[in-house]
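Look at the two complexes coming up: chain A is in both, with chain B in one and chain C in the other.
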Partner chain A sequence: MRRALKIAPAILSLVGFGICPLFADAYALDLLSKTFVLAIFALSLELLVGQTGLVSLGHGAFMALGAYASAAMLRTSDPRSFLLVMIAAMAAAGAYALPVAALSLRVRGMYFIMVTLAFAQLVYYVFHDTKIADGSDGTYLGAAPRISLGGAPLFDVTRSLPFYVVSLTVLIAVWVFLALLARSRFGSALAGIRINEQRMRAAGFQTTSYKVAAFVLAGMIAGLAGFLKASKDGYVNPALASWHQSGAVLVMIVFGGVGRLAGAVTGAFAFVFLEELYKSEALFGGAAKRWQLMFGLTIIAGVLLLPKGLVGLPDRLRRLARERAKVHA
Partner chain B sequence: MGGVGFLIQCLNAVQYGLLLFLVASGLTLVFGAMGVINLAHGSFYMVGAYLAYALAPWIGAHVQIGSLHGGFFATLAVGLLLSIAFGYALEWAFFSLLYEREHLQQVLMTYALILVLEELRSVLVGDDVHGVPVPAWLAGAVPIGGLLTYPVYRLFLSGVCLLVALGLYLLLSRTRLGMAIRAGASNREMTQALGLDIRLLNRLVFAGGVALAVLAGMLAAPVSSVYPGMDGQVLILSFVVVVIGGIGSVRGAFVAALLVGAVDAFGAVFFPQAAGVLVYVVMAAVLLLKPEGLFRHA
Partner chain C sequence: MPRTLLRASGLTRRFGGVVALDDVSLDLREGEVHAVIGTNGAGKSTLINVLSGEISASAGSVELLGYDVTRLSQPSRALAGLGRSYQRSTIFPELTAMENCRLAAQAALQRPWAFWSAARACAFTAARAWRALERVGLRDEMDVLAGQLSHGKKRQLEIALCLSTAPQVLLLDEPMAGMGAEETERMLSLLEELKADHAVLLVEHDVDAVFRIADRVTVMVDGAAIASDVPERVRANPEVQRAYLGHGQEP
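Take a look at the complex of A and B:
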């Protein structure tokens, strides 16, 4: 019964998203798909921050690398297979994540935060200052990746409904994969490192290799998110690697609740929802242009009032109710 | 590049490095003393530049001290006083909530503070690029090697930064206050047990850090002009400086800032394509050799 209660929100939202296309217009579908891609990106960082205890402030770089690798694969107008481009994007992100992990995992704490940030800036400036992909303007994709069945293209992934289905499918796949990973021996080792690294090392674990593996895996999943984003948008630009992007995704997972996969996904949804809410001129009129102000204040209040994030809210309310009941009894 | 061109690049490198030091020293002090990672530190630099822009017509034009045009110094002084008050209030209202929290939450809250300050800047001053005039008595240029010249203001800027660096060194190493700050940084509880008011100390360190960043912004405004987003670049480079120098070490920040300034200035000449990247390559190299930075002390 309790288990059923626990997975009920996931089942309900799945059903909800399943029937969404029946009544949502293209704009709503695009907004939802954008959120799905952000959720995949947030999940990849959750693997690092929540599961392994490594706070990275440079995660945007891997999303950008995935996106740019996709753009490189699709530079000309002949389409390539969805799977092939996806693998290339993940490989590119992973290939950069490996040396970054090896270098930045030599340090910890605040140093780690700043070193990951600096390595992300490196990517930003490479794309921004060199002519590799048209510099600061970014570059367009020549074609969309193609999903085909028996040689014939199945559908155009850049259109709203197909992309909605594809991104939702990938999101579910990533979520399930990470949930299984957390239950595996590897996942338990990561949890052990998060809680007490010294004890894990004393128990004979090569903790550094575990952390490098987690970092590379997180980078690859971020690359996957970048691939999806590039496929949908049809262009890539250096802003993907900017530290604002890396900061925003950290905000998502903390706001949603660190330590739980559902937190990352909830955070991505809350992030997009709040942004759309504060930007809405119907609700806030002229103040909508100043949405960042409200947004920033909401984040501050959220962190102060909800230390366990949005997903910790039900628990918190229940505890409050119980305490109140005790007082009255 | 001839000898004179080289000299000019050297002067640019030193000037940029010293400016970075002003920003980074505040960042590293706050790290060292309070263990707070402050993403909004670059925004204080931006606040400084906008203060210089906003105050110049008010104060700059009206104050005359003897035969010297004191307007520029009066602007600096007012800006510094405002920034100390601002830093003091911000520590009291906001940053003191962060000390006991994890780095992750600190990153988040200071990230949010950037958004708030950025939007307030947009509301108050707008999003245009503004120039700030160089004070008239510093507007000239000194001839170097016959053909080329170098602006006096940049030399003045380097001089002021050097004076501040010297003052900071003396304050930290030779005064009771400096001793208390260092004691607080190395052992918080013990310092408190000895009867020092650590909260007041924190507030002073934080206000000082804000003042340093604001001063850097005010001094830089006539050279770099004032524009939205000017905080980002400086923030990240200050982080690089702090990492290379060793967190908490002001001496390390000084050496690292000059190094970063040199890499940036000469990189722009010799490898224009890779100029933005070089600094990070240097940082990676330092980390490979000394993971805790050049001057990490216990």
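Take a look at the complex of A and C:
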């Protein structure tokens, strides 16, 4: 019963997203797809921050590398296989994550945050200030990755409905993979490292190797998100690697509830929803132009009032109700 | 002659100009409790840190089960059979007592790539964890969050964590610190039991307890071992009496 209650929200939202295409228009589907990609990105950072206890402020770099690797694979108008480009994007992000992890994990806490930021800035400026991919303007993809069956293309992934299905599928796959990982030996060891690294070393765990593995894995999943984003948008630009991007995803998982996978996904949805809400001129009139102000205030209020994030809200309400019941009894 | 499981030779550790550990040599044998006593700052904890590899030695060597492990990292030494406990309980407060021990036991069977199999479903680690909890007397508390255990029980869990990795050499840093009389008795009988198939290094403040249980006693002063012998001879050693036991001037 308890277990059923716990997974009920996930089942309900799955059903909801499953029937969405029946009545949603292209704009709504695109917005939802964008959110799914953001949720994959947030999940990848949750693996690092929530599960392993490593706060990185440079996670955008890996998304950018995945996107740029996809653009490089699809430079000409020859379409390439979706799977091949996806693997290349993840490999590129992982290849950069490995040395970054090896170097940045030599320091801890605030220093770790700063070193990850520095490595992300490096990526940003390489794309921004060199001609590798047309500098600050970014570059267009020559073709979309192709999903084909027996040689014949199945559908165009840049169109709204196919991309909606693909991004939702990838989001579910990533979520299931990370949920499995959390209950596996590897996930237990990461939790142990987050809670008490000293004891883990004393027990016989090479904790640095574990942290490097988690960092690379998180980088690869961020690269996957970058690949999806580039495929849909049809272009890439250096802003993907900017620290705004890395900061936003960090705030996203804190706002949603750090330490739980559902928190990362909820945070991504809350971000997109709040942005759309406050940007709506029908609701806020002229104030909609300054939506960031209300957006920021909402985030601050959320973080102050909900220490366990949005996903901690039901627990908090239940506790409040119980305390009130006690007072009245 | 019982087997020597751990041998330290000429261990020295300097922090800048301070010599925290000064040319200490000692043997730990199977079936023995080897106690290390000394005043605060005498270098007892540094000795355990250097032996376990938590900090490196400036000079000297450590041999574990006949192999030179001086250059091995702490996790490697742990996997080779060295277990340590901490003076301040170093546990996983957010996890249950059982999960604490299961996690420590997992070190022997890490298989990090097996992401599809649940860590808790592993019979091997669960059995080891359960045995460790049973041995220290925490069987009834296995589902209690470690952070909610009483101080004495946290100390017991500290030992259980150490036993979960099935080490042959135990380095125990003041396991009885802050324990009540009853808990101390319990810990002493546990040590008595453990020494049959382990080599135990016991750092302890409670001198009475030490002389009751130890087979050998090393006395440390200012980072150096000034005596290392069976308890009776250490007690009779005039240098030890002058430096530590504090009743050498009796008429």
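Here is the rule we use: the second predicted complex is superposed on the first by the 329 of 329 C-alpha atoms of A that agree within 3 Å, B and C clash if a C-alpha of one lies under 4 Å from a C-alpha of the other, contacts with A are read in each partner's own complex, and residues count from 1 in each chain.
The rule we apply is simple: a residue touches a chain if its C-beta (ideal position, glycine included) is under 8 Å from a C-beta of that chain, and two chains touch if they have at least 3 such contacts.
What you see is a predicted model; the values in this text were computed from it and never measured.
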Superposition-derived comparison: chain B or chain C, residues of chain A touched: B
Partner chain in contact with A:180 - chain B first, chain C second, else both or neither: second
Which superposed partner A:128 touches (first chain B, second chain C, both, neither): first
Touched partner set for A:300, first chain B, second chain C, both or neither: first
Touching partner for A:166 - first (chain B), second (chain C), both, neither: neither
Contacts of A:250 with chain B and chain C, given as first, second, both or neither: first
Touching partner for A:203 - first (chain B), second (chain C), both, neither: second
Which superposed partner A:192 touches (first chain B, second chain C, both, neither): second
Touched partner set for A:42, first chain B, second chain C, both or neither: neither
Complex contacts: residues of chain B adjacent to chain A: 31, 35, 37, 39, 97, 103-105, 107-109, 111-116, 118-120, 122-123, 232, 236, 239-240, 242-243, 247, 273-277, 280-281, 283-284, 287-288, 291-293
Contact footprint of chain B on chain A as seen in their complex: 49, 55, 57, 103-104, 106-107, 109-111, 113-115, 117-119, 121-122, 125-126, 128-131, 243-244, 247, 250-251, 254-255, 258, 290, 292-293, 295-297, 299-300, 303-304, 307
Residues of chain C touching chain A in the complex: 52, 54, 73-76, 78-79, 83-84, 86, 90-95, 102-104, 106-120, 122, 161, 164-165
Contact footprint of chain C on chain A as seen in their complex: 177, 180-181, 183-189, 191-192, 195-196, 198-207, 210, 213
